[in-house]
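First the structure, which I've put down as structure tokens, then a few questions once you've had a look.
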Amino acid sequence: MTVDMRSPFRIVLLATGGTIEKSYDAAAGTLTLDAPVIETLLDALDQPDVQIEVRRVMSVDSLDMGEAERAAIVAAARACLVDDAPDAILITHGTDTLAQTAAALAGSLAGLDRAVVLTGAMRPYRVAASDAAQNVAQAVMAARLLGPGVYAAFHGRVIPAGRIVKDYDRLTLVEQST
Amino acid sequence: MTVDMRSPFRIVLLATGGTIEKSYDAAAGTLTLDAPVIETLLDALDQPDVQIEVRRVMSVDSLDMGEAERAAIVAAARACLVDDAPDAILITHGTDTLAQTAAALAGSLAGLDRAVVLTGAMRPYRVAASDAAQNVAQAVMAARLLGPGVYAAFHGRVIPAGRIVKDYDRLTLVEQST
Amino acid sequence: MTVDMRSPFRIVLLATGGTIEKSYDAAAGTLTLDAPVIETLLDALDQPDVQIEVRRVMSVDSLDMGEAERAAIVAAARACLVDDAPDAILITHGTDTLAQTAAALAGSLAGLDRAVVLTGAMRPYRVAASDAAQNVAQAVMAARLLGPGVYAAFHGRVIPAGRIVKDYDRLTLVEQST
Amino acid sequence: MTVDMRSPFRIVLLATGGTIEKSYDAAAGTLTLDAPVIETLLDALDQPDVQIEVRRVMSVDSLDMGEAERAAIVAAARACLVDDAPDAILITHGTDTLAQTAAALAGSLAGLDRAVVLTGAMRPYRVAASDAAQNVAQAVMAARLLGPGVYAAFHGRVIPAGRIVKDYDRLTLVEQST
């Protein structure tokens, strides 16, 4: 694998909501998806030659995603590949249906010539002991090193689309055993 | 590239000191290398199927490393490859002479069949706005995805040994231009 | 006022639940009162001659408190005054009915000869930008300096029982104007 | 003691440097007093009716303070009492000579009719496990509740000027025993 790390690496990040983006609303007394979080998370990362542009697709809990939402994410990814030609696409997403969205992307993006990496978190970025910053940092590194394809990067692991399973006992994403 | 992400990924981390490990000593009023830091940093990462064993090689500022220290690190890496056969080696190291240690490792580990990834930080893990956790998280992902060789993983970038340069203006490690 | 600050200052802290103690349950995807939080918060404070003993009275959202819960808190405070004779009592409590509990305590603890200080938080201790540690730290200082009586200490302010009002617009506790 | 907590409480904070304000300079690889810290610390406190105006007097390690520096701090406090008439004065200061500055203030501010509270930290605000935010939060509460006089507020304790001693073993400020 020869990777040129000397030019800026351009990523478009499609933000869709999910646990990673939940923040505490003191008036409501609950976690909501009302405040921007991804930008704050990215500001805390130090990676001077990685350029990440955040694009908001939706702000929903992934349990509330259906076919329409998945189609919108696929359309956003396709438009981004055509219009922006980034070096890679990152998608932040709830973990409950991340596998379905990854499968939809893999099935729809024919001739994909770069990496599309989905990630998220089991604990919101704005909550103690969150895994959000780790997952996004590792997803950036995975996006930079992986060849073309659709993957989840999560908890130090890369899983190809079509094999992603949420493990509700261990609270992580794992690769389906065959 | 086919990477099996279903078995535990076993890493030996050789800790050598450097800025990443400095912590505040309130009695002395300065940053020192007296307290363990790497274990605390790793505890904060959530990667259930990555097994990281920390091995202390030394605790020195990399400006104070000479040939003897570099030889000790090379010897520790070689012993580890023979005795433990981990899936990858991580080395935490000061940034001032990380390039020299990487070059020494690349020159000495003939027939290396896995990744050896060096990382560190510009700001100690125990200081606000540190890049330490990001760098270690990304180094783990790089170690998992890279083929055999000696590399630095730093600030979202992978740089092969022999081409690593510290950029004192931008406070990062960069790849030497040809 | 003459305050002897040379002996240890002994506080019994009655924990009752409330927003201050909510923590994220990744399996449920919500904030719950299932995990101990007050002990962790107190461990992060540095006050070597303040001895705080935590006693769990209940773990409820203060919106769910009724007369029975308030009676239990009053009984716990009374028992503590008799059995332990601490220098002061701290009570962590949800903000929605903190005023009612303070009034019940003031009405029931006849001949009270030390400070009983209630506090809580608008944002859980385990959430970013929480006011919990500040409020507890300031409540400790208030408990040390105030004379006998029942008070709320909140957001840098001390409010006597009977005059506490939750300001739902500004998300704080204020003193009732006359 | 009757304290009116319904009007804003106006504090002038005289910043003088000290450990509390040290932050990491990645270029130098050491802790310095070059960056503003007190404003960031105050922004993290939630106390809507406490108005704190920060005034920079100097930025020095308190071991480097001599008679000239102490005279400058006394002059700044005196000018502030005359010109601004705040409800209280807070002074952030290194711990090594905080006792001497408190004594100088107590000896010079004849007829002082409000509280002057000095505080600081054993660990910089920008370092893990810092006591800085706790000390400032408690100093604000002490300033609000104490009568006229010069005091240190530190680690949950109030100590009158003339009796402050740094305990180098326990790393705290204590009250001199008689």
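A, B, C and D are the chain letters, set down in written order, and residue numbers restart from 1 in every chain.
Methods note: a contact is a pair of C-beta atoms (placed from the backbone, for glycine too) under 8 Å apart; a residue touches a chain by one contact, two chains touch by 3 or more.
Keep in mind the model is a prediction, meaning the values are calculated, not measured.
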{"item": "Most distant chain from chain A by Cα centroid", "value": "D"}
{"item": "Centroid spacing, where centroids are CA-atom means, of chain A and chain C in whole angstrom", "value": "41"}
{"item": "Chain centre separation (chain A, chain D; CA means) in Å", "value": "45"}
{"item": "Touching two or more other chains - residue numbers and ranges from chain A", "value": "122, 129"}
{"item": "Pairs of chains, among all present, that meet the touch criterion", "value": "A-B, A-C, B-D, C-D"}
{"item": "Of chain A, residues touching chain B in the complex", "value": "1, 3, 5-6, 9, 44-50, 122, 129, 131, 133-134, 137-138, 140-142, 144-147, 153, 155-159, 170, 172, 174-175, 177"}
{"item": "Residue ranges of chain B in contact with chain D within the complex", "value": "19, 23-24, 26-27, 29-31, 122-129, 168, 171"}
